[in-house]
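This report concerns only the one structure given below.
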Amino acid sequence: MTELLTDLDALAAKVRDGAKIALPPDYSGCANALWRAVIRRGVKDLHLIGVPVFGYHGDLLIGAGCVAVAETSAVTLGEHGLAPRFTAAVKAGSITVKDATCPAIHAGLQAAERGAPFSVMRGLIGSDILARRDDWKVIDNPFAENDPVVAIPALTPDLAVFHAAKADRHGNVWIGVRRELMVMAHAARDTLVTVEEIVDGDLMADPATKAGTIPGLYVTAMVEAKRGSWPQGLPATDLAVDQAHLARYAEMARTEEGFAAYLAEFVVGREAAE
Amino acid sequence: MTELLTDLDALAAKVRDGAKIALPPDYSGCANALWRAVIRRGVKDLHLIGVPVFGYHGDLLIGAGCVAVAETSAVTLGEHGLAPRFTAAVKAGSITVKDATCPAIHAGLQAAERGAPFSVMRGLIGSDILARRDDWKVIDNPFAENDPVVAIPALTPDLAVFHAAKADRHGNVWIGVRRELMVMAHAARDTLVTVEEIVDGDLMADPATKAGTIPGLYVTAMVEAKRGSWPQGLPATDLAVDQAHLARYAEMARTEEGFAAYLAEFVVGREAAE
Amino acid sequence: MSATLSSQSDVRLEEILIHTIAGMLDGLRHVAVGASSPVPGAAALLARARSGERTRVSVLGSEDHNFFTDGGKELFDCAGQGRIDAFFLSGAQIDGNANINLVSIGDPDLPKARFPGSFGSGYLYYVVPRVILFRLEHTKRTLVEQVDFISAPGFSEPNVYRPGGPFAMITDRCLFDVDKERRRFVLKSVHPGETVESIAENTGFDYDVPAEVPTTPLPDAETLALMRGRIAGEIAEIYPGFAKRVFGLEKAA
Amino acid sequence: MSATLSSQSDVRLEEILIHTIAGMLDGLRHVAVGASSPVPGAAALLARARSGERTRVSVLGSEDHNFFTDGGKELFDCAGQGRIDAFFLSGAQIDGNANINLVSIGDPDLPKARFPGSFGSGYLYYVVPRVILFRLEHTKRTLVEQVDFISAPGFSEPNVYRPGGPFAMITDRCLFDVDKERRRFVLKSVHPGETVESIAENTGFDYDVPAEVPTTPLPDAETLALMRGRIAGEIAEIYPGFAKRVFGLEKAA
């Protein structure tokens, strides 16, 4: 049974110190209002997993000191350039980066989704990505001679966390084509969702809607959060990316002082509004 | 570019002798009109893959002498009982059965979908399913001590073949929640589709429809075939299973003579209508 | 099996089976039911009703009671994730080691009898914690010393990943517990009309018999009312023939 | 790079690059373009236009030019299936063995510079038949003897599954071919204004130089018209800034 909450902070309270958390990429559904609440709580030592990359939300969490490990194929603000707090943290050695390549993240999540101990994948051999991942192994393809292949262990997040356009009171969440959110929810132990709107009725009743819906079976808890992905947009809605704000973030977050001012204004300062 | 055909026989001509073909289960989208055309062509030596099981359509193909190999987790007519032509062929030794268990078929198709040489899965160890599959291997989980796991090689059909409710002229095919059809299309070299209706416009333009759509990228050729799944139904449409016909099939197909009469009446005899 | 049990009130055998199975499902989060399983399906729906809807029930092949949106693989993925607490398996043959055979009798290459196939048993039997075996024809032909084909073994070597396995076996004659340590069935109760002796006469494998073997309890009046009312209606959506035969005729009588 | 090439008509360097890349894509079934790749994106759209729409183009991160419906994994699955014929990769550093570095300079644990990360390169470089490397800052700082971090190697041992790999490398100064046998870059042509010597002065790795090295051809009038008309419009949907800078200003001039 999905827990329907009425308070963003109650959902944020479910993000515990040290949790391993699957994060969608910027163009999917980022639960930014929730992350602001999490930062206000002062959560520590998160292990972020970019599915397969992350951007603004992860950079914000890193800058706010919430993150111990970033496991991802990339961290970027896209056209706004390098993720400044990630870059600074890596150079300072204050976070551990587990560099990956996109399909390796997907392979690990899919192994968890399938209940398999690992997935194998092509590529990677001879790269420093592989050389630096002692949690990955090269094994022999048993169906061929002298054919090494990389085994990626099941990647089971404690939490999948994202924002979506709509959900119903049964906990069913509509995500459209953003199926990485579904793989995340299947793979994770628990899934926390913020949504633009909790609608009446049953999203599973209409075959068109059902096709893009994560069943409530996988959704632990949920809260309505209007414009919850801001400053990111939300696919299949009219919520566009607030490019001006991201540009401002990229500028302010270049320095620790600027980032502190950003937090004060846009994270701590937004508490009353959220 | 998806080839849009106007003639069922032109699509049937793409089913070559010896092809390895992924078939959906009865409750998904069975391309029965196409299979009737294939039987009329006299195709031989097909290797059927049940995804993960098959029913009426496969039994019909087996009875008509089109099949050399049945690789599947089960063959059944559901509430109409055992599949009579499958049962007879197995007892006569006239087809080879590669028994599987449902998630092993999915695992093999997913490996093909991912371009991975194999998938690993739990279960199976100690079963006669595994004992009789020398194309599967038991390997060691490299992430644990003394932990055997079954490796299922990528299962790459020559063809995925199914019936769907609608498609557009770009070759995009709407399948709703019947995602096994999407995995089949991704995994197969070519995909042949019959549809109730080819609609105007672009199924990818509406986010709700897009979420349940296989992109034309994976669809080799397509033809409109009204009631193309008869006597099976079609999910998310008002086409219901013709239970009376299936009961009649189950009865007639109990004997070779009865099956021959069935073919004459409902396969050869329907040519003009299809 | 469709007649009422002569020596008892008006309770049907199916109702006893449904009640008994439901008792093994109470409190679970998620019960999945395979195709062609009306008795387990009704039991799962009964457990759901009694849970105040906290127990989820997924019925394969049903459009109404199927909450999956990721295609045919999702049931198995879901089980692999540990999100399915109970499932039901049957077998053309079941043996004393809880091995099940859904494939064939005789040489599998040229069998005397061929059944549909193993379906998901070669996986689900390993990963679902409570697999309830059911075989509604309890004879020496079906409950055998050794199955001709192992679709899925009852027990596994210690190094085989096996969080799941047999939890109990219910037949039209009795209920067996499973002693996982000793890898044996244990006679738990006999259905009304059966005796310890009648079970022995009709079972092809060895099993343990405790000193006291009670009769399988009947559902109480409240449970019967729930079963014959709401559950009958729900199961009718999936198995109309079964609902009519077991509940509909009963209600008309 | 935004100025027109002084000694040539009014053709811009970007237009030469787009034309050159498109020439390597003609006739392909499916070209995918990653994020932040306006020049390759325009080249792919040009190849598509010239193919009569037979060449499919998938642009990641674009809602309009993205035909995937299976989430973030589908691009990689599609490539693994052999359905993507060409892709583009860049690198903060690229070396003479065609290794690319998208991660860091110096010790990766305490780097002097850190870049976003390897994205899909650790897979796509192995499986896509025509990977076209592009680096629009051709200096000894970027084209180095040995990269500090191998996001993906240019070449692999014979036992490594590798249907894909580098097909060519284009920079703001020249075009390199790839000699797969000898595992070396070969100077194919120099862009207008560059010479064999200017390339040597600005390249940090060894490569082969044929006796004759032509100048990279300019697009003809028809191609230029197509690029500045239809393609400019299409690319503007994805990269409005780029379209304005390269094509918009040009048209206004």
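As written, the chains take the letters A, B, C and D, and residue 1 is the first residue of each chain.
Here is the rule we go by: contacts are C-beta pairs under 8 Å (C-beta built on N, C-alpha and C of every residue); 3 or more make two chains touch, one makes a residue touch a chain.
These numbers come from a predicted model, not from an experiment.
Chemist: Tally the contacting C-beta pairs at the B-D interface and at the A-D interface, and name the larger one.
Modeler: Of B-D and A-D, it is A-D that has more C-beta pairs in contact.
Chemist: Looking at C-alpha means, what's the farthest chain from subunit B?
Modeler: D
Chemist: CA centre of subunit C versus CA centre of subunit D: separation in Å?
Modeler: 61
Chemist: In whole angstrom, how far does the Cα centroid of subunit B sit from the Cα centroid of subunit D?
Modeler: Measuring from centre to centre gives 41 Å for this pair.
Chemist: So the centre of each chain is just the mean of its C-alpha atoms; given that, what is the distance between subunit B and subunit C in Å?
Modeler: Each chain reduced to its C-alpha mean, subunit B and subunit C end up 29 Å apart.
Chemist: Pull out every residue in subunit D that's touching 2 or more other chains.
Modeler: Residues 68-70, 73, 76-77, 80, 127, 161 of subunit D each touch two or more of the other chains.
Chemist: On subunit A, where are the residues touching two or more other chains?
Modeler: Residues 103, 110, 114-117, 121-122, 147, 149, 177, 182, 210-212, 235 of subunit A touch two or more partner chains.
Chemist: Just spell out which pairs of chains touch, all of them.
Modeler: Contact pairs between chains: A-B, A-C, A-D, B-C, B-D.
Chemist: For subunit B, which residues are in contact with subunit A within the complex?
Modeler: 103, 107, 110, 114-122, 137, 139, 141-144, 147, 149, 151, 153, 175-177, 207-212, 235-236
Chemist: Going by the contact rule at the top, pick out the subunit A residues touching subunit D in the complex.
Modeler: 25, 27-28, 51-53, 72-76, 78-79, 82-83, 86-87, 90-91, 93, 97, 99-104, 106, 110, 121-132, 146-149, 177-183, 235
Chemist: Can you list the residues on subunit C that touch subunit A in the complex?
Modeler: For this pair, the touching residues of subunit C are 30, 53-54, 56, 67-70, 73, 76-83, 127, 161.
Chemist: Which subunit B residues qualify as touching subunit D in the complex?
Modeler: 1, 112-117, 182, 186-187, 204, 210-218
Chemist: Can you list the residues on subunit D that touch subunit A in the complex?
Modeler: 35-36, 61, 63, 68-74, 76-77, 80, 102-104, 108-112, 114-127, 149-153, 156-157, 159-161, 241
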